[in-house]
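As C-alpha cells, here come the structures.
Each of the two complexes below includes subunit A, the first together with subunit B, the second together with subunit C.
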Partner chain A sequence: MTLTSLSFFAFVFATLVLYYIIPKKFRWIVLLAASAAFYGIVCLKYMPFIVFTAISTWLGALWLDKVANQRKAELKEHKADWDSDTKKAYKHKTLVNKRLILALVLVLNFGILAVIKYFDYISEWLSGFLPVPAISLGILLPLGISFYTFQSMGYIVDVYWGKTAPEKNFAKFALFVSFFPQIIQGPIAIYDDLAKQLYEGHDLQYENIKNGFILILWGLFKKMVIADRLIVILNAILDNRPGLYNFFGAIAILVYAAQLYMDFSGGIDISRGVAQMLGINMAYNFKRPFFARTVADFWRRWHISLCHWLRTYLFYPIAVSKAFLRFGKWIGSHAKKKDLPADSVWGGFTFIEHAGRVVPGCIATLLTFLIVGMWHGANWKYAGYGLWNGIIILVSMLLDPVFKYVINKTKIRTQTFSWRLWQIFRTFVITMVGFAFDIGNDMADSARMVLDCLNPLGRAASVPAELNIGLKISDYAVIVVGLMIVFAVSLYQERSQKSFRDTLGKQSIWFQWVIMLGLLLGVVILGMYGPGVAANEFVYMNF
Partner chain B sequence: MKLKHWIRIIIFAGLSIGLIALASFVMCVAYERDTVGMYGYYKEPDDSISVALIGPSTIYTSFYSPLAYEKYGFTSFNLSTSDMMGASYKSAVQLAESNQKPDLYVVETWGFTYKDQLEPVHLRRWIDAMKDSELRTQTIEELIPEEEWYHYKHPFIKYHSRWDDIGGCLKVFIDKLQQNRKGYSVTKNFYTYTDVNEYKEKKSKYKISEEGFKYLDIFLNYCKENGIENILFIRSPESITYEMDESYYEMLDIIEEAGYDFLDMQAASSEIGMDLNHDFYNPGHLNIFGAQKYTDYLSKYIVEHYDINTDYAPEVVKEWDDCASYNKKIFERLERLTDKKTNESLYIQRDFY
Partner chain C sequence: MEEFIEKLKLIKKGVDFENETELFDGGFLDSFDVIQIITMLDEDYEITVPPSEIVPTNFNSAKAMFAMMQRLEDE
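What follows is the complex of A and B.
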C-alpha cells in the first residue's frame, strides 16, 4: 500500500468516515488504530522496531520528568537548610542523571537506526581491506525508521530541555510516533507542533476537505505524471552511461534533481493533504528550493523538517556549546588588535578575529551536513553529498565579508533582477554538483560525473550504447508541460508569497472545479500506473 | 459543514465519476476493430440470432452476415476477435447462450492451434471486447491469474495510457455512438482489407497444441453439459499449403466422438470457387471477393444440413432487411477499392458505404 495506490485512498476514506462519525473525544483513537493498521499492513514484520522506539522514548521522557520533579521537590524542601554548595552539587548530580537517561534513550534508538542502516555497508567496506568477511544482518529498513526515530528523539530532547511536558498516555504518544500519513517519508514533526493537533478531535470542515483534496491531487500529479516518467529517463541514462557522451551525465543530474523534487515533494503533498482532511496541519517540507539564492537558503527550503530538526537539536547545541565558544574565543585571542573601518575586507575585523567569530558555526555546519549526508544512506558518497554542501556553506561563512567587500567595491547592484537571477543560477549549479553524489555509483564515480561535464563531447567507451529510453514523444511533452505547470505555480507562490490554494479558493466555485477536475483527469489519464508499468516507490521511503 | 457544502461535494463527486467513466468509455480501445465489432453484438435483440460464428480473424474476414440473410434468410453474428483462441470459445458460447440461444454454432478449429492458449494479448482482445457483465468477470476469473484480475476487470487501468492516440479513441467512440443511435450494427462484426494477394506457394504445419486439446475438451464438455446439440466445426480456406499433423486428425476424432460435425472448407476450395490469385488479401485471409464466396457456400451448407428457424419478430426482420439493403452498395464499393488495392482496413460502419 503506497501513497499512490487505490488501496491507500480506500484506507484514507475509511479512516475519514470513522474519524468524523465518532465523538470528538475519541477521534485520536481512530488515528492511532489507523496508524497501527497501516504500519501492520505495510510492514508488520518490522513493527517491533517502532514499538520499541515508542516505548523506550515514552518511558525515558517519564523518567526525565520524574527526575526533574524530584529535583524541584528536593530543592523546595531543602530551600532553607541547604547551602549554595550543597544545592549546586545536588543540581549537578540530577543533571548528570538526566544526561544519562537522555544518552541511554538516544544511544538505544540512534544505535538501532545506525546498526540497521549502516552495519551491512560498513562491514562490506571493511572487508575490502581487512581480513574479515563481510557480514549481512539481512534486515531491510523498517518503514519510516529514520523519520520516526528523529521525530521521537526530538521529543525526548525537548523533554530534557524542559520545553515540552512529557505525554503521560502511552497510546497518545504512540500516535505521535506513528501517525500514518507521515510515516512513509515525513515530514519530521516537532512534538509541540503536531501532538496537540493529533489528540484534539477536529470538526469536519469543508475547507479542510477541499484544500486537502487539492493538495493530494497536486502531489499525485507531481509524482505519477512527472516523477515517474523522469525516472525512466534517469535509469536509462545511468544504465548506459559508460557508452554515452559525457554531457548525458549533466542531463542525468538535471533529470535526477527534477525527479527527486517531484517525487519527494509530491509524496509530502499527499501526506499533508491527507492530514489536512483530518483537520491536522503538518509542517511544510519544501518551499520552492530551486529559487534559493544561496546554498544555505536552499537548505532552508529543501527538506525543511530535517534541516529544522538538525538545526535545533544538533547545530545550535554544538555551535553555542561552551567548548565551541571557548574555541572561538581562543582563536580570536590570537588576533592583533587593529582599528579597522567597517568597510574593510573582513568587515572591520582582522581575519583572525573574523575566524574566531565564525569558526564554531563553521565546524557545527560541517558536522551537521555530514549527518545530513549520512542520513541519506549507507555509502560514503552520501557523506560526500553532505560535505560538499557543508564546505560550500563553510566557505561562504568564512568569506562572507570578502564577498560583501568585493560587491561594495565593484558597485554591483544587488537589488536588480539580473543579480537575483545570477544568485539563483549559481546556487542551482552548486546544488546540482551535490546531486551528482546521489546518483553516482560511489564517491569517485560521482566526482568523475561532475568533471566529465567539463568535456561534454567525450565518452568513456568507444562504442556508443543504444539509448532506448522507452518513452514516447508524447511522454516528453507531458514532462515538459507538467514541469512548466509546476514552475508557473511555484513562481506565483514565490512572487506573491501566497498559497495557490488560498488564491484558488477565492475564485468562483466553477473555476475551482475546472482546475480540480483538470488535475484529477490529468492524474487519472496521464499518470504512470497499470500493468506493465513498474510501480515506483517514493525515493525517500528508503531513507 | 453546512448543507451547501455537502451538496457541493456530492455534485463534484458525481462530476468526477462521470468524467472518469466517460474517459474510460472513450479510451478503452486497444483493439479498435474488436471493440467496435463486438459492441454491435450487444445491440442485437434477444433471441434474434440463429447462427453464431466463433473464431479468430478467419471468421470475421470471411463471413458477411447480411449477405447470408439476404440469400438464405437466417440471421447470424461473428463472435470473433483477432487471434481468438480456443480458450475463449467457451466464453463466446456462454455469451451467445445468455441472450440468443442460436440454433447453430459454427466454430473455427484454428483457435486450437495456438500453443499458448492464455497468451495475454490475444486473450485480452476477447475479454476487452466483452461488455462489463457477470460473464465477463467469470471469464476473467477462469482464464487469468488472480493477481492480474484487477486490470482485466477495470481495463481503464491499462488503457488510460492511450491518451496519445486520442484520434483512434474518438473514432471508436463515434462509431459506438452511431451504433447506439441506429440501434444495431449494419456490418455485424465484419472486417476487410482492400488488397489482392498474388499467390505464391507457402507451406506450413497445421498442428493442434497440447493446450489446444485441453481447451477443446473444456469447450466440448461445456457444450455437452448444457445440451448444445448443433455445432459445426470448420476449417476456413487459406492460400497456404498445410502439412496436417497427426494432432489434427486426433482433433477430428474427438469432435466426431462428441457427436458434432466438421466441414473442411480448405479442402472444398475448388468447389467454393476460390481463386488463389484474386480472393485473398494475404495468404491467411479472404478479401471481399473471397468473403462473398465463403459466405455463400457456408450459408448454403448450413441451411441444407441444419434446421434453422427463420421466423423472426417484425422488428428483427426490419433490422436485417435494412442491413441487407446496403449489401449491393457495400460490395460495389469494397470490390472497387480491393481491385485498386488501396490497402485500407475497413470495419467501421461508415467505412463501408
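What follows is the complex of A and C.
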C-alpha cells in the first residue's frame, strides 16, 4: 500500500469517516488504530522494531522526569540545611544520572538503526581487505525506521532538556511515533509541534478537506505525472552510461534532481494533505530549494525537517559545547590585537581572530553534514555527498568577509536581478555536483561523472550504446509542461511568499473546482500506471 | 543593555539590533551568528547558554537575548 495506491486512499477515506463520526475525545484513538493498522498492513514482520522504539523512548522519558522531579523535591527540602558545595555535588550526581538514562535510550535506538542500516555494507567492505567473510543480517529496513527513530530521539532529548513534559499515556505516545501519513517518509516532527494536534479532536471543516485534497492532488501530479516519467529516463541513461557520450552524465544529474524533488516533495504533499484533512498541520519539508542563493540557504529549504532536527540536536550541542567554545577561544588567543576598520579583508578582524570566531561552527557543520550524508545510505559515496556540502559551507563561512571585501572593492551591485540569478545558478551547479554522489555507483564513479562533464563528447567505452528510453514524444511534452507548471507555482510562491492554495481559495468557487478537477483529471489521465511503473516506490521510502 | 547591543553590532554589522524583533526568523541572524553571540556571552559575561535555549524566541530580538541572559545568570 503505497501513498499513490487506490487502497491507500480507500484507507484514508475510511479513517476520515471514522475520525469524524466518533466523539471528539476519542478521535486520537482512531488515528492510533489507523496508524497501527497501516504499519501492520505494510510492514507487519518488522513491527517489533517500532514498538521497541516507542516503549524504550516512553519509559526513558518517564524515568528522566522522575529523576528531575526527585531532584527538585530534594533541593527544596534541603534548601536551608545544605551548603552550596553539597547542593552542587547533588546537582552533579543527578545530572550524571540523567545523562546515563539519555545515553542508554539513544544508544539502544540509534544502535538498532545503525546495525540494520549499515552492518551488511560495512561487513562486506571489511571483507574486501580483512580475512573475514562478509556477513548479512538478512534484515530489510523496517518502514520509516530513520524517520520514527529521529522523531523519537528528538522527543527524549527535549524531555532531558526540560523543554517538553513527558507523555504519561503510552498509547498517545505510540501515536506520535507511528502517525501513518508521515511514517513512510516524514516530515520528522518535533513533539511540541505535532503531539497536541494529534491528541485533540478536530472539527470537520470544509477548508481543511478542500485544501488537503488540493495538496494531495498536487503531490500526486508531481509524483505520478512527472517523477514517474523522469525515472524512466534516468534509469535508461544510468543503465547505458558507459557507452554514452559523457554529457549524458550531466543530463542524468539534472534529470535526477528534478525526479528526486518531484518524488520526495510530491510524497510529502500527499502526507501533509492527508494530515490536513484530519485537521492536523504537519511541518513543511521543502521551500522551493532550487531558488536558494547559497548552499546553506539550500539546506534551509531542502528536507527542512531533517535539517531542523540535525541543527537542534546535533549542530548546536556540538558548536556551543565547552570544548568547542574553548577551542575557538584558543585560536583567537593567538591573534595579535589590531584596530582594523570594519571594511578590511577579514571584516574588521585579523585572520586568526576571524578563524577563532567561525572555526568551531565550521567543524560542527562538517560533522553534521557527514551525518546527513551517512543518513542517506550505507555507502561511502554518501559520506562524500555530505562532506561536499559541508566543505562548501565551511569554505564560504571562512571566506565570507573576503567575499564581502571583494564585492565591496569591485562595486558589484548585489541588489540586482542579475546578481540574484548568478547566485541561484552558482548554488544550483554546486548542488548538482552533490547529487552526482547519489546516482554514481560509488565515490570514484560519482567523481568521474562530474569530471566527465568537462569533456562532454568523450565516452567511457568504445562501443556506442543504444539508448532506448521507451517514452513517447507526448511523455516528454508532459514532463516539460508539468515542470513548467510546478515552476510557475513555485515562482508565484517565491515572489509573493503566499500559499498558492490560499490565493486559490479567494477565487470564485467555480474557478476553484475547475482547478481541482483539472488536477484530478491530469493525474487520472496522465499518471503513469501499469506493471512497469506501478512498482515505483518513493525514493525516500527506504530510509 | 546598550553595552550588550554594541557587542552584538560587533558580531553582525548593519543589523538594527535596537528595533528588529525577527532577527532569527527574519534571516538577519544565521546559526553561525548565534554561535558567535553565545561565544560572546561566554567570554564577556561568563554565561553558558545550553543548547536547549537555542530557540528562535530567545534570539529574535536583543531584548529577548538580554532577558535570556538575565534568566541564565539567576540560575
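Heads up, the rule we're going with is that the second predicted complex is superposed on the first by the 539 of 543 C-alpha atoms of A that agree within 3 Å, B and C clash if a C-alpha of one lies under 4 Å from a C-alpha of the other, contacts with A are read in each partner's own complex, and residues count from 1 in each chain.
We take it that a contact is a pair of C-beta atoms (placed from the backbone, for glycine too) under 8 Å apart; a residue touches a chain by one contact, two chains touch by 3 or more.
Just so it is clear, the model here is predicted, and its values are computed rather than measured.
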Touched partner set for A:Leu137, first subunit B, second subunit C, both or neither: neither
Contacts of A:Ala89 with subunit B and subunit C, given as first, second, both or neither: neither
Subunit B versus subunit C as contact partner of A:Arg311, first or second or both or neither: second
Partner chain in contact with A:Val358 - subunit B first, subunit C second, else both or neither: second
Touched partner set for A:Ile412, first subunit B, second subunit C, both or neither: neither
First, second, both or neither for A:Lys163, with subunit B first and subunit C second: second
Partner chain(s) touched by A:Ile21 [first = subunit B, second = subunit C, both, neither]: neither
Which superposed partner A:Ser474 touches (first subunit B, second subunit C, both, neither): first
First, second, both or neither for A:Leu100, with subunit B first and subunit C second: neither
Of subunit C, residues touching subunit A in the complex: 10, 13, 30-32, 34-36, 38-39, 42-43, 48-52, 54
Touching residues on subunit A, where the partner in the complex is subunit C: 158, 161-163, 296, 311-312, 315-317, 319-320, 322, 325, 328-329, 342, 347-348, 357-358, 360-361, 364, 397
Residue numbers on subunit A that touch subunit B, as the complex places them: 204-206, 209, 472, 474, 509, 513, 516-517, 520-521, 524-533
Residue numbers on subunit B that touch subunit A, as the complex places them: 1-2, 5, 8-9, 12, 15-16, 19-20, 23, 27, 148, 151, 157-158, 160-161, 163-164
